[in-house]
Amino acid sequence: MSKLSWGMIGGGEGSQIGGAHRVAATLDGAFTFAAGALDIDPEKGRDFAVRLGAGQDRAYGDWREMLDGESSRPDRVDLVTVATPNNTHFEITKAFLQAGFNVLCEKPMTTTIAEAEEIVAIARESGRLCAVNYGYSGYPLVRQMQAMVAGGELGRVRLVVAEFAHGFHADAADADNPRVRWRYDPAQAGISSVVADCGSHALHMACFVIGQEVTTLSADFASCIEGRKLEDDALIAFRMNGGTVGRLWTSAVAVGRMHGLTLQVFGEKGGLRWAQEQPNQLIWTPLNEASRILERGSSELLPAAQRASRLAIGHTEGMFGAFGNLYANLAEAIHAQKEGGRPDKQNLSFPTAEEGLHSIAAIHAAVASAKAGGTWVAVER
Amino acid sequence: MSKLSWGMIGGGEGSQIGGAHRVAATLDGAFTFAAGALDIDPEKGRDFAVRLGAGQDRAYGDWREMLDGESSRPDRVDLVTVATPNNTHFEITKAFLQAGFNVLCEKPMTTTIAEAEEIVAIARESGRLCAVNYGYSGYPLVRQMQAMVAGGELGRVRLVVAEFAHGFHADAADADNPRVRWRYDPAQAGISSVVADCGSHALHMACFVIGQEVTTLSADFASCIEGRKLEDDALIAFRMNGGTVGRLWTSAVAVGRMHGLTLQVFGEKGGLRWAQEQPNQLIWTPLNEASRILERGSSELLPAAQRASRLAIGHTEGMFGAFGNLYANLAEAIHAQKEGGRPDKQNLSFPTAEEGLHSIAAIHAAVASAKAGGTWVAVER
Amino acid sequence: MSKLSWGMIGGGEGSQIGGAHRVAATLDGAFTFAAGALDIDPEKGRDFAVRLGAGQDRAYGDWREMLDGESSRPDRVDLVTVATPNNTHFEITKAFLQAGFNVLCEKPMTTTIAEAEEIVAIARESGRLCAVNYGYSGYPLVRQMQAMVAGGELGRVRLVVAEFAHGFHADAADADNPRVRWRYDPAQAGISSVVADCGSHALHMACFVIGQEVTTLSADFASCIEGRKLEDDALIAFRMNGGTVGRLWTSAVAVGRMHGLTLQVFGEKGGLRWAQEQPNQLIWTPLNEASRILERGSSELLPAAQRASRLAIGHTEGMFGAFGNLYANLAEAIHAQKEGGRPDKQNLSFPTAEEGLHSIAAIHAAVASAKAGGTWVAVER
Amino acid sequence: MSKLSWGMIGGGEGSQIGGAHRVAATLDGAFTFAAGALDIDPEKGRDFAVRLGAGQDRAYGDWREMLDGESSRPDRVDLVTVATPNNTHFEITKAFLQAGFNVLCEKPMTTTIAEAEEIVAIARESGRLCAVNYGYSGYPLVRQMQAMVAGGELGRVRLVVAEFAHGFHADAADADNPRVRWRYDPAQAGISSVVADCGSHALHMACFVIGQEVTTLSADFASCIEGRKLEDDALIAFRMNGGTVGRLWTSAVAVGRMHGLTLQVFGEKGGLRWAQEQPNQLIWTPLNEASRILERGSSELLPAAQRASRLAIGHTEGMFGAFGNLYANLAEAIHAQKEGGRPDKQNLSFPTAEEGLHSIAAIHAAVASAKAGGTWVAVER
């Protein structure tokens, strides 16, 4: 397959997420960086884009310039990644979709449900791909879980337990640090902090793995550090459209926890446990049998997990590999789009605008429930 | 110190809990088994008691006979352990306390809040000891957590996360097995199943470690196997009288989890993590520092933990040692009682009737909240 | 079964190993403490024995007094545990065996090979039981490994890797502490330090589990702290009489390791891994399949492991349970001896005098090999 | 800094090691793929090179063509990676060094000691960089270990324990599979199998971390599967030029072990433990203190480890990041070379030809010792 051309908005020099996208997009050689509007400072952005390999004429000063420039080219980029501040996601994603580009947007896709619905509608109309970077769903063993559930290996899923706990906002002395403070300021962060920032990843993974959506939920929010106007810890009970019961705990004050994103799935015929910090092992317990340790790279994994691995068993591919899988899936879909064929359905595992919308709707429902004293609230769709 | 004499009601031959009590009571040589009404079958009970070393005259056919017999002896037992079916705890404990015996009762102490309040009142009036076997609080590193929190090592505790998940009631084909079925039959099990059976241990440990009580809670109960009238999975958000936020998940359908009793405590100055299945390590993370692995038996532990250990570092003492610590603490208190002295306050770490009452009140509140759709409910006291 | 009567020599008040034996012997109610010569100080020893429940006439001042006293009684003790300093094991064990007692001797059974051979010969002639306390072989999952290997689950065992590493003799500033120093003084400790003290446990476990003996070995000894005349670290390659290749590392200077006793067994059809510090899990990897986590207490374990467990799955029984299994096995053998029957062969898993001899022979061979620059040396038998 | 141009020999389409090099070289944007002779089949190689972005004129059919072509260009590649079969490393590396190229050679650098010495000499004379891909030394926490030891954090290092055990050559039924068989055929694999293939990585890491070389060693080799002419398991005791004692176990028949590369370092003042399969945590135990869990990405790490990280704490960068660090270090050295400056010495952590030679000398010594029955053999230098 020929290489696809790729552009990015945001993710400038020194940005971690930008670096992760660059590695992920080029990991398998599917994409070449061709265009970018990488920085809030136009000059810095142009300079960096050139150094990354964009031609001078495709090193843009801002996203509007890039939209104009790329729209008028015959060799326009095949995919645009949006890695700008959260409150700009909607506007940029919308504009590029409407102009006929495929988009991979950082999460959260938008700030409001209405905006998210608009993106979903536009994406549908445009026939373009709109993906949202719930990138942890790209881990091979997350794909394995999804495939095992879809294949009936666990029977009906009764219970899903998701967790994303870290402790990096626990220092009261550091609470006024700008790096931290904006996250608890509704003017900048919106209606939710740790649920939107972290809990949404765990919830997405739960939905992705068991193939269901949240219908109703009951939430408790806490602000453990005085003066915070948004939650730094939350507990959410939920129910899903396939009947599964859900539990979610997320925290930013769990001192000692690093990137505590874990998923447990319990069905009629077995259970699964996975943790992002040790992504190479998946614990599978068939009912009434000993637990088994499934290893990334093992030949006994299902095809969806095998395809998502590059290195031999026992090595770690890490987050680069996980994000890279989203780009690999997008590449296959874009090739199909360009060549009029159909992509292998099993390779279309990237999170979609619908999933981005569902995530935002669930966050809003959680906020409403917490404000209403834990009342069960329906997730709008 | 001279040996104390000990009696047990229930815990007959083949009973696991009875065996654990016998080992625990005699582990440090503090108690000698002297009297018992061990079995629902009087003859079996008498025979087993004699084989365990009771004199023929102290091998009783039932608890009333034992109450009469021991009450009239000058060398009456110093402590009675009640290990009978749950619905008899109240009656027996009450009778023995009123007759002036010290009692260690299995959990739950009673079935209703009113009964539990009565036990608390009787215990106070009688001046006798009334302990409840939340035995996992006897693990040395649980004592360490309690002492660290009490000593201010974590600063104000913001958040406590307790969990007790197992998967041994997950087999639908086994749901009618009498061993399992009674636990989900309100007529036999009362108002709650997994919360009363397992969650109560996790909640007790949270209260014990941080030295607070639950004031209000919001609960979600689920019955994951069709036909169950009581919950086999629950999620509870709570608040405590010292301002701590709490989260509790408990489950009996978590296939692959064995005895998943864990506690995480997060304060202003650090965090703690402990798991009952690997009881010899406590993870302590001082704020902004690397996590440390505290080992049972280490000389850097606090006195409360040191006193609760018998073996050199690196060995496992297990549940026998944990339960044994409750008996050791009771022995010291009984010696003080007999000799008119005062026990070392640090050694009085056994769970009391007040804690038994609190546990029952919390279970009732959780049931009420779950029925009321997650409404926050006050825990009666 | 009626209770057996039990005596101990050594293991006085405050001794950890004495406490462990008392718990282990009485854990299942099989033995009652009846006689003892517990302390180097006769008065202290007598006093402690009485407090532990021995009659005044069976609270002895020293082992010779106990030998005389017990030999002349019709109700002599059924088993004598020898828990005195190492250099007295031979003399006491020999005397009690010759007088017709069953003996459980702490390891090392003797100081020299000649003495060990003498004990083996005497035990055979006497028809009495002579056991040696390689107590870690009593862990249920060690029994499981042994039974799996014996049952052919692994096919021919190609390789066994044993390890026992701790770091408690690593503080140079503490090297002159009497608690540590004697272990590196040949006059007190004999010809070997960490190999005899720790390595021998790992080697015994390897032999026990795979049912073979060491035939030849090549050793490297190191003294990592200046001035030590005996090894504080050793590496040993060995071959066994069933063709298995062996590797052993043992250390007393491995700072951060606690009680690092581990065993790995690799055969044609699978592999096993177990660690004493987490004794409730055994990792079993069938060839070309996922690893499985076998849990103590699981109903899928083999009978030898099931019999060695007391508590439900997920609990920890610890070292008390492991040592208790040796006593349980001895109790069954003694009952058979007394009643003329035959014990269930599967219950005779306690380490024997032959194993004590083999261990000492292997230690001597290792010393000889290390002195000879790693030359392969035959283990005498 | 401007981008450097990079070429590769070997590592054709479908080759895992080739893919890892491509990701690693481009991970930080330091290198652009500019030229290659990627395949034994010239056409396939040229085609793949073009698809990877090389110009048609720099897509070579074999390494000699590439040597000619690049030598005559003014914009010749700044670095050549040699990822061909082992027995060609010497010839190619030698030729490119002599022609003035910088080379990164896959391990083993050569087949014989004489060849390795020649490479070392040529590299010195040429003034070019010659690195060898002991890529696991690029893990951030391996760098942390190295820096801690160099900084005296452990005091004098007494003992280093290295291990690399896997079980992927354990299936006797698979032993004739060409993928496996060549590794045990001296005609193809040379004088050693698992020691050269795996043990050498562990040994290199030990040397790298503690900054010493092996002076003498005693080895035991075993062939656990019948018919194998080379070892599939080995145990090696060694001594280092700074006085450190060493232990190494390596195996290819350890069923259940995946990529069991671990390092333990024990010094006067503390101990360290690290495992490649969980590369984000380093256990550090200061003498007489609790063990600490050092996390990749933590701000308390030393600069050498911080520089080697790209992602926030809690994420995994995996092998791509580790190999990428070697390329990053090479890039800095090449820039210094080109610009006449001096590279930051701390960034020159890539393994050198001297280390490649040392590794080969150690392998030869191990073979000699094993053949001589474990005799201690000096490592030639």
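Per-chain numbering from 1; labels A, B, C and D assigned in written order.
Operating definition for what follows: a contact is a pair of C-beta atoms (placed from the backbone, for glycine too) under 8 Å apart; a residue touches a chain by one contact, two chains touch by 3 or more.
Chains and their UniProt names: A, B, C, D = Gfo/Idh/MocA family oxidoreductase.
Please read all numbers here as calculations on a predicted model, not as lab measurements.
Enquirer: What is the set of chains touching both subunit C and subunit D?
Expert: A, B
Enquirer: Return the chain pair with more inter-chain C-beta contacts, choosing between A-B and A-D.
Expert: Of A-B and A-D, more C-beta pairs in contact link A-B.
Enquirer: So which chain is farthest from subunit D, going by the mean of the CA atoms in each chain?
Expert: Greatest centre separation from subunit D goes to chain B.
Enquirer: Indicate the whole-number Å distance between the mean C-alpha point of subunit A and the mean C-alpha point of subunit D.
Expert: Those two chain centres are 35 Å apart.
Enquirer: When the centre of a chain is set as the mean of its C-alpha atoms, what distance in Å lies between subunit B and subunit D?
Expert: So the centre of subunit B lies 55 Å away from the centre of subunit D.
Enquirer: From the mean C-alpha coordinate of subunit A to that of subunit B, what's the distance rounded to whole Å?
Expert: 43
Enquirer: Which subunit A residues touch at least two other chains?
Expert: In subunit A, residues 283-284, 291, 295 touch at least two other chains, as defined above.
Enquirer: For the complex, which residues does subunit C have touching subunit D?
Expert: Touching subunit D from subunit C are residues 158-159, 161, 165, 167, 170-172, 218, 220, 222, 224-225, 233, 235, 237, 245, 247, 249, 251, 253-257, 264, 266-268, 270-273, 283-285, 287-288, 291, 373-376.
Enquirer: Residues of subunit A touching subunit D in their complex?
Expert: 2-3, 16, 19-20, 22-23, 26-27, 29, 32, 51-53, 166, 168, 258-260, 276-280, 295, 310-321
Enquirer: With touch defined as at the start, can you tell me which subunit C residues reach subunit A in the complex?
Expert: It comes out as residues 283-284, 289-295, 298, 300.
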